[in-house]
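Chain nomenclature is as follows: A, B, C, D and E, assigned in order of appearance, with residue numbering initiated at 1 for each chain independently.
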Amino acid sequence: MNFSLSSFASRFNWPGAIFMALLLLLWEWSARAVASPNFPGLLQVLGVLINDSAELAPQMAVTLWRAAAGFALALVVMLPLGIFIGRTPAFGRYVEPMIDLLRPLPPLAIVPVAMLFMGTGSAAKISVIFYSASFPLLIHAIDATRGTHPLLVQVGRSLGLTRVEIMRQIDLPAALPKIMAGVRVAIAVALLISVSSEMLLSTDGVGNYLMRSQEQFRIAAGLAGLIAIALVSLTINIGVRAIENHLLAWHRKSLGSAPL
Amino acid sequence: MTATRNNPLRAFLGLAGLLTVWQLIVAARWVPEEYLPGVPAVFGALVEQFSDRAFWVGEALTLLRAIGGLLLATVCGVGVAVLAARFRWVEQALAPLVQIMLSLPPAALVPLSIFALGLGPKLFAFIIWYSAVWVIYLGTNNALRSNEPVQLNMARTFGYGRWETLWRVRLPAAAPEVFTSVRLAAAGALMATVATEMLAGKDGLGFLLYDTAFSLRIPEMFALLLTAGFNGVLLNQAILRMRRYVSGWHEQLSATARA
Amino acid sequence: QTSLKVGGLRTVALLPVTYALQKGYFKREGLDVEVVTVNSGPAVISAVMSDSVQIGYSGVLPVMYARAQNQPVQIFTAFTYETAKADGKWTWLIASSKSGVKSAKDLAGKTVAINASGALCEILVREHLAKAGVAWDAVKKIVVPFPQMQAALQLGNADAACLVEPFRTNVNVSPAIQGVTLGSGVLADKSAQYSLDILFAKEAWGKANKDTLRRFNKGLKTALDDFMRDPALWRNLITEEFKLSPAVVSLMKKDLTFSDLQPKVSDIQPLVEGLERNGMLSAPLKAEDVVLRLD
Amino acid sequence: MHALLEVRGLTKSLGDGAARQPIISDLSFEARPGEFLSVVGPSGCGKTTLLMCLAGLYDIDGGSVAFQGHQVQSPPPGVSVVFQDYSRSLLPWKNNLDNVLFGMKRTELPEAQRRPRALELLQAVGLTGYETHFPWQVSGGMQQRVAIARGLAAQSRLLLLDEPLAAVDAQTRADLQDLLLDLAKRFNQTCLLVTHDVDEAVYVADRVIVLSRRPTRVVTEFVVDCPKPRDQITTREHPDYLRLRHEVISMIRSMRAVH
Amino acid sequence: MHALLEVRGLTKSLGDGAARQPIISDLSFEARPGEFLSVVGPSGCGKTTLLMCLAGLYDIDGGSVAFQGHQVQSPPPGVSVVFQDYSRSLLPWKNNLDNVLFGMKRTELPEAQRRPRALELLQAVGLTGYETHFPWQVSGGMQQRVAIARGLAAQSRLLLLDEPLAAVDAQTRADLQDLLLDLAKRFNQTCLLVTHDVDEAVYVADRVIVLSRRPTRVVTEFVVDCPKPRDQITTREHPDYLRLRHEVISMIRSMRAVH
């Protein structure tokens, strides 16, 4: 490892950090200007966050566990299914209307149905997360697969690849740069729905913490919970980006000479 | 046979398949029928709704709100993504914010947004916009960053400036992917509309849903859910039609694989 | 004509307001009232605090929590009370017959459904468990929205549930559940009297507009008097507004305790104590701060 | 000796609906095992389309294509293709070596011998030192050579080459012509080479097939009776070669593609 | 007459970090107004890279490139390029006509005359009847001709052509060579044609520049003193032509790309 400060400094997203810092400053400043109990400032919220961190950390673990389980399930099922649908338009014409019908059903409305089949424990929540994270993956996988240049598929066919092999060895890598947008959305959705479902039906998790803060009008605590989610989301994003950099190095480099 | 022509019969068969599975689950009596009514009961309730003026008004309002919010989100999301494509620092500055916003539950923001925006149309607009805009931004941003280098070089040598290249090459090339994310965001917008109507409002499908759930009119509730789903199909078809108009080449090109 | 916006939960208890509106009782008082539905306690408070509405309708708890967090809101009307009377409660703890639970004592090791953590149901369950000598941690809690409670009981996801109307009646009449009432009332102390559904406003605005609020209450009182005179009117209204089956409505709690609209500090005090007793207040709260006296 | 490939009355149209146009009409020819065929014809006449039909990548509209006595419906084992659009036909996420290895899918070569064989092929096309480069990191001519190496890696009975040498320089071209001839002979491989270079067509082929303008059919076939093995110096000075070359050129000149 | 294009001691490396390799080293030449230059060199030697540097698409590492007396830093007006990767350089969402019109951005042609001019160019490259086809609906050679038409549409002082005729048949190729010569003369356009076809290089050029293997530099320049205008029959039989052709081929043969 040749870690050096300067290489870190050049890779670090300075504009992003500065912009976030400015937003946070603006928040603190305007909170002081408004001086309302409805609008606690950054420092106050951070105080609550530090204060409650011992309580929040295990809750966050629960939330993340469910989000991860739901997302992983969705990834394993929907990525292959999406590529299959994208590669098999005849099949797509039957199932896509089904997907479009299910897509806009609010998770709030799915919860009661999920409860009927999965009870009120983690299984119900994970199935709702799975449900919600499925669509970004599915839609992006379908569209990205259809967007693959036909010649690549013909190469695969002429080399005697089977349908499944074409999907795995050609469609997946070729569509991956586009699918990544769906993966990112799906990860965010998994986290979001994990929290939301906890707000609705849970006695644990960050969502429950948020709900409790909302119920008890502890606005600062509510914001502290949101900041905790934000931090976790940013951390996850670092990991996703590392994976993406690894998987899609070829894509980034092949665009290298592009004058953006 | 080409992918550009959609056969409504197949779509119908697909939906019929879904309903059959549903009815089979009901018939298997996994769960009491009072909580998961069968297809005939739901359709009965749906047909009953048809004679109710509140239903039609609610349906129209929900659709209009969702479409309005989606349009707003599309303009913002694509607009900012274009800016971000042109100026790298904009993209970098926004990256953490977008990531955060994408994963904050709108439900947690509701009391705060009511405080800031009141209960009127502004609240609806904001929540629907919020639940759609980040997805669109992210998708458009992703698409605009993956242009064919040869095309960009070509445009430059023909004298197209950065902005013009953005309009004339990068955006058209990205269009199919942009539509993908708008498609995704449309579902988000519909959900947010219904959720907001459930929370605060006196009309719309969400309001009716809350009401039916409150009074345990389960078949009607499912009928309304079906309507919400149907709205998704409708909106999605509209977007696909628009995509066919804007970048139909894309579908045709991909259809040549099966010549 | 003074314009007034009322925002609040869409529940049975808000019906008098809508009824008074329909009947023109507010107009008669020179008030131009508009009702906006807001289906979450905290959201109603936000709506009042942001001046989107002048009058908020919610359960009493959110207002108490908000006040404890220095939100300047005060209650000026209460329409439902839980009283010492035999039929004086609006909240219930009910078990399904197949759970085998006969009394609150049997709940140890069982699962109880509440509608939200930190809300009305939590204090109710805590109170009744404490009274029965069962530790709060000995019971598994699940959160289930009211409309799904019945299914949770029937499917065995929950052994008992905290319920309000009309869900309570539905559970009671369901042959698959055959609800067993384990207790009623938010506070376990049967003799206590306290308000449940209330109207509130911002303190400063309320103090400056006492006359408006008095007129509002007068209009409301007219409506309530109609109901007291003719309980059938009340039931028909519920049947119509919520499209509930008349059979269920006829079984619903009949007693209307709309006696006096002006809540007294003593109507709040038992709840403050109850919250404190159960460790549910995150900041100290004085009952007199919560009440806005119109006289 | 019966034919390895037999094309009888092949017809094929392309395009959708009203824009559908006949590309190939009533085209027949056959290829015997081990034979080297060249195909020449005006630009846009339908050579690529023909190859796609032979490879089972396009459904045919009429007539028949039989490979080893069986009708070709989907890509048959034993046929490999080097595509005209070489840059798009390489997998951008695989380096050159992996692209070549990818072509070995259907070979019986044991796993352990594949890598050495692929390296050998890359060396044969002059790409030693570029094994770990990605296709988009090497020049057009080099990409085309990777595509050739991949086509050869398949060790198929029938090799369809669509202008495989269009992007390489004259010297490399000559070397690769000899490589193709050598390999075809060694493995008794049948080759069908589409080319625009009449010299090339005559030099490598046992038979030159001349196609007409669109809708295309076989105008004539020339049997190239220059002795084998061919040689860049002696063959190109052989009187038969010069005569045939002249004949083919005159033939083509009489049906120019530019209208 | 001073030079239109002046390249002095050009050096250029490509690749990242440790993989960075010198492609062009100390390359110098110049082009006078109206001159037609051919560039030949082994596959992968750096011809495309050179063109990219001349067009201002790559930053150069050392030396200088001056166009009309100004250093080239970004694509200068008056230079247009026909890219080697023709199929990728065409915009798939524009039909052939619109692709050609796309090249006219910097011309002074009034709006009203652009369409007729584009149609004229498409006709000149033999694509009448394919104006409304999309690039991916026409054959490889036809795509390449669309790219040529687009390059010509720019009416630039300097036209850089990267193997523009690699995918067209012999007859069309000859026709297009004459077209290029004709237009270059008519508009006093300077052309730099990269080609692998030595016959072509000699036939069209006033001067043939021979490049070495990588890292590339100018090995030698041949002045083609065959009389102008050229003619496919008489020029190709001209003794100077035959001599030069022979010299260039021997030169190239002595530095084969296949190691």
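Methods note: a contact is a pair of C-beta atoms (placed from the backbone, for glycine too) under 8 Å apart; a residue touches a chain by one contact, two chains touch by 3 or more.
Please read all numbers here as calculations on a predicted model, not as lab measurements.
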Minimal step count in the chain contact network, subunit C to subunit E: 2
Chain-chain pair with the highest tally of contacting C-beta pairs: A-B
Between subunit C and subunit B, distance of the C-alpha-averaged centres to the nearest whole Å: 37
Chain centre separation (subunit B, subunit E; CA means) in Å: 48
Between subunit D and subunit E, centroid-to-centroid distance (C-alpha), Å: 27
Junction residues of subunit A - those touching two or more other chains: 38, 112, 116, 149, 154, 214, 219, 251, 253-254, 256-257, 259
Two or more partner chains touched - positions in subunit C: 40, 42, 45-46, 49, 145, 147, 151, 155
Multi-chain contact sites of subunit D, meaning residues that touch two or more partners: 14, 52, 57, 85, 88, 137
List of subunit D residues in touch with subunit E within their complex: 14-15, 40-48, 84-85, 87-88, 125-126, 128-129, 137-142, 145, 163, 166-173, 175, 196-198, 249, 252-253, 256-259
Of subunit B, residues touching subunit E in the complex: 148, 150-151, 153-160, 164, 168-169, 172-173, 175, 247, 249-250, 252-253, 256
Subunit B partner contacts - residues on subunit E that touch it in the complex: 52, 55-57, 74-75, 77, 79-81, 83, 85, 88-89, 91-93, 102-103, 105-106, 134, 136-137, 150, 154
Subunit A partner contacts - residues on subunit C that touch it in the complex: 40-42, 45-46, 49, 61-62, 65-66, 68-71, 113, 116-119, 141-145, 147-148, 151-152, 155, 157-158, 280, 282
Residues of subunit C defined as touching subunit B within the complex: 7, 10-11, 35-40, 42-43, 45-47, 49-53, 145-147, 150-151, 154-155, 166-167, 170, 176, 242-244
